[in-house]
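Each structure below is given as structure tokens.
You will see chain A twice below: alongside chain B first, and alongside chain C after that.
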Partner chain A sequence: MLQTLFNGFVTGITMTLPALAVTLLFGVLKFANFAIGAMMTVAAYMAFALNAQLGWPLLPSTIVVAIVCGLLCIAVDVVTFKPLRDRGSITLMVASLGLGFVLENIARLFYGNSARSFAIEIARPFRVMDIRMNKEQMITIVVSTVAMLAMYFLLTRTPVGRAMRAVADNPSLALVRGIESGRIIRWTWFIAGVLLAVGGVLIGMDRAIEPPMGSSYLIAVFAAAIFGGLGSPLGAFLGALAIGIVSEMATLVIPPNYRIGIPLCVIALVLIFRPQGLMGQAHIRR
Partner chain B sequence: MISFIILMSIVICFSAVLALALNFQWGSGGMVNFGLAGFYALGAYACALLMLKGGFNTFFATLGAMAIVAVACGLVAIVTLRVTEEDYFAIVTLGVGEMLRLVALNEDWLTKGALGLSGIERPFNDWVAPTSYSYVMLGFCALMVAATVWFLNKLARSPFGRVVRAVREDDVVAATLGKHVLWARIRIFAIGGALIGLAGSLHAFYYQYIDPTQFSNIVIAYAFMAVIAGGRGAYLGTILGASIVMVLLEGSRFAKDLIPSLSSDQLAAIRIIIIGVGLIALLIYRPQGFLREYRLQANLSGSKQQSP
Partner chain C sequence: MSNVLEVQGLHAGYGAGDILKGVELTVAEGSVVTIIGPNGSGKSTLVKTLTGLLRTRQGDIVLKGKSVKDLSPPERVRAGMSYVPQEYNVFRNLTVLENLQIAHEFMSAGRGGKRGKPLSDEMEALFPELPSRYKALAGNLSGGQRQMLAFACALTVKPEVLVMDEPSAGLSPKYMTDIFDCVKRVNEMGVSVLMVEQNAIEALRISHRCIVMANGRVRLASDAAAVLGMRELQSLYLGDVKEAEAPASAAAG
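Let's turn to the complex of A and B:
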């Protein structure tokens, strides 16, 4: 019971980074990005190439991949989403779906379908108060917490973070105040890319690295972001923890194969009963 | 070669029905369906199981499959009750589609899991000789495509068709004009669902064997590509779009002869990359597709044809 709770907590905290990326992207760009799963997959494979194939330690590989991934996201935005910016969210979503197919299959083209893992030594799990934990879970908790604190600092204390929140809140008002939306959009993509890269490496460390690894988290990550209120960073954090714990606890009663049913039900319930989510603000359309 | 063309035409036909269903839901009604592959699987499995376990004949099994997918889609549309933003609905459809595929994969007692269902009966099998059966199948599938296009065109010109487009363009305005938006959305999605059920049944009849791998996300990529290429809301264009996509896909089989070092996994990956890039390129460079949607035009001067 306690063990399941802890596992759920770790699952949840793994999802905080992608959930935050989803919510930031949605806040600034106003569309649900279905390519985030594949972006995580690609990042995990890039880290795999540096770590397992070139023999770098995992930490510097992750840092390099995070920066590369952030820059790649900006490039992808310029090529794919920028020309479609004014066409409405449906077009952007369909484009992101297509992009997801492309990215996932680029990974498949180079590495095939078989599962890979990082070159890290396997440590024996240790016990604290009867809860079995392993080193990877500890790393996940520490990295995610540090990243969340950094994000909190970035969003509240730096001019870029404040400008991002302003654009997310009201783009035209932000423009009036002299905030250049193009620059903010690039920053948002970069930060989202970094978050997704770190999230991808964490997931790859926890499970195996394989082409569908990122997209298998898609529904849960969206559920976390929606539950917290799309566009609310704090909500994404709490939502991810809640979704992780609830879906892990639910495997005590439902078959684990249907794990994704839980986030799905959460989405449906939130949409019907509290559309603005946990931390989001109810808004009136037009 | 002739038989290859006939078999490919059959594949084009049931892909076209699937793409037409998507074109109605998404192109006309503005409701994105990212769970298409799951609903398609539901249609195929429902049809197969109604025959194998329920003992129905092909006709009633098809009707049953259409009804089941229509109900499933209608239920999904209820989540738009309070939130009408497309993003949320797209996420929900993605999740439901995934769930449906998981059920097909995991409920061994019903679907035989990864083994799949075999021995699916075909329509008119007793009446024609096996050698000429593919012609009959092609005729039947082509008839279904024609019927679907006819039905959707009729629908587009009906009062309900105008409600459908109004809901897509601006649901607030539609609601202000006294249209019941939720009910319209449920019907849009259910009608599309019935057509997905039809496509799934044809798929099951053609292959006579279905397993979960046939209904992967690639189906979604194909169908979206077909709809975008053909033109959103333009039903005849969808047939054109489906034909182009399928010819490209089947043609890419011959790419293996050109580059023999590619494994089949890599080839499959390249096909999907091409589809994905094509999808984005079409959205950027030719978002209106090749053909235009039907528009009601006021006939002011009383002459037969108005310039558009």
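Let's turn to the complex of A and C:
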């Protein structure tokens, strides 16, 4: 029971970073980006290349990949989404599905379908208060917590972070308050890229690195972001923890194979009973 | 007296066909100009075109002698055009303080980001209700307080011209009086004001000039006092004025 709770907590905290990326991208760009799964996969493979193939330690590999991934996201936006910006959110969403497919298969092209893992020593699990945990889980908890605190600081204490929230809140008011939306969009992609890269490495550390690794998290991550209220950073954090814990706890009563259904049920229930999500505010339509 | 703002033969619209069909107007330095006109006559469209949210299809917008029609909205802000939209004029999910910080950080041309007080003493005197609510979410303010916040944000950088779209719409009588009083005091600080108003009588009392719009064109431009005196104009263009206010306006004129 406690063990399951802990496992759920770790699953949830692993999803906080991608869920935050989803919610920031949605807030600023107003479309559901389904390429985030494949973006995490690509980032994990890039870290694998530096770490396992070039022999770098995992930490510097991750930092380099995070920055590269942030820049790549800006480039991908310019090439893929920017030309479609005026076409509406459905077009952008479909484009993101296509992009995800392309990215995942680029990874497959280079590394095939077999599962890989980072070159890190496997430490023996240890027990705290009868709960089994391992070093990777500790790293995941620490890294995610630090990243979330950094994001909180960025979003509330820096001009760029405030401007991102302002653009998400009311894009045309942001323009007449002097905020250049192009610049804020680039920042948003960069930050999302960094979050996705770190998230990809954490998932790769926890599971194996394989082409569908990122997309297998897609539904749960979206459930977390929707549950928390799309566009709400705090909501994404709480939503990820809740989805992680609920999915894991559910395996106590339903077969683990059906675990994937839990986030879908959450999405359905939220959309029926509280469409704006936990922390979200009712959407302004103009 | 020179003009801060000159609008020449302005055409603009949303889809096919123009809503604005050649609008001409000027705002003299230091004056308050009020635009009135029936619903749908294009007042908000004009204001959105001035601030750059809507593209100028034809004609020109000249601010302090320079054409701004090809500038983006942020560039126009930094050129000295401040705007208070009619609705959704504060960031509701941000605190009052954050709304003001954003205005400080982004509205001025490089001059901003000063680590000073969120409101200058002058502005604090103008909007005394705001400082006690800095930590509140802007979305939780009352309508009147929200309007004051939007007003204060637009004034964090002293603009060449302040453009307001129906600042008194939907406000209680107390806030309505306060808003017009603020406009008057801001004007006395040397800010030129162009505002759209439905509460025409109150607005015209603090205005120098009045512009009457109909069907995307300027039908009349005249001294505010003169328009206040015209009874037939009120029945024609101030259609939204409440019945009870008509006699009072006659007395004023």
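In the analysis below, the second predicted complex is superposed on the first by the 284 of 286 C-alpha atoms of A that agree within 3 Å, B and C clash if a C-alpha of one lies under 4 Å from a C-alpha of the other, contacts with A are read in each partner's own complex, and residues count from 1 in each chain.
Assume a residue touches a chain if its C-beta (ideal position, glycine included) is under 8 Å from a C-beta of that chain, and two chains touch if they have at least 3 such contacts.
These figures come from a predicted structure and were not determined experimentally.
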- In the superposed arrangement, which partner chain does A:M93 touch: chain B (first), chain C (second), both, or neither? first
- Query: Which of the two partners, first being chain B and second being chain C, lies in contact with A:P275: first, second, both, or neither?
  - Reply: first
- Item | When both partners are placed on the shared chain, which of chain B and chain C touches more of chain A | B
- Message: A:S172 in the overlay: touching chain B, chain C, both, or neither? Say first, second, both or neither.
- Response: second
- Message: On the A-aligned overlay, A:L264 touches which partner chain: chain B = first, chain C = second, or both, or neither?
- Response: first
- chain B and chain C footprints on chain A, overlapping residues: 286
- Of all residues in chain A, those that touch chain B in their complex: 26, 31-32, 34, 80, 83-84, 87, 89-91, 93-95, 97-102, 105-106, 108-109, 112-113, 218-219, 222, 226, 230, 255, 257-258, 260-261, 263-264, 267-268, 271-272, 275, 285-286
- Query: Which positions of chain B touch chain A when the two form their complex?
  - Reply: 26, 30, 32, 34, 78-88, 90-92, 94-96, 98-99, 102, 105-106, 172, 217-218, 220-221, 224, 228, 263, 265-266, 268-270, 272-273, 275-277, 279-280, 283-284, 287
- Touching chain A in the complex: which residues of chain C? 51-53, 72-74, 77-78, 83, 85, 88-94, 98, 101-103, 105-108, 113, 139, 153
- Query: Which chain A residues qualify as touching chain C in the complex?
  - Reply: 156, 159, 162-163, 165-166, 168-170, 172-180, 281, 284, 286
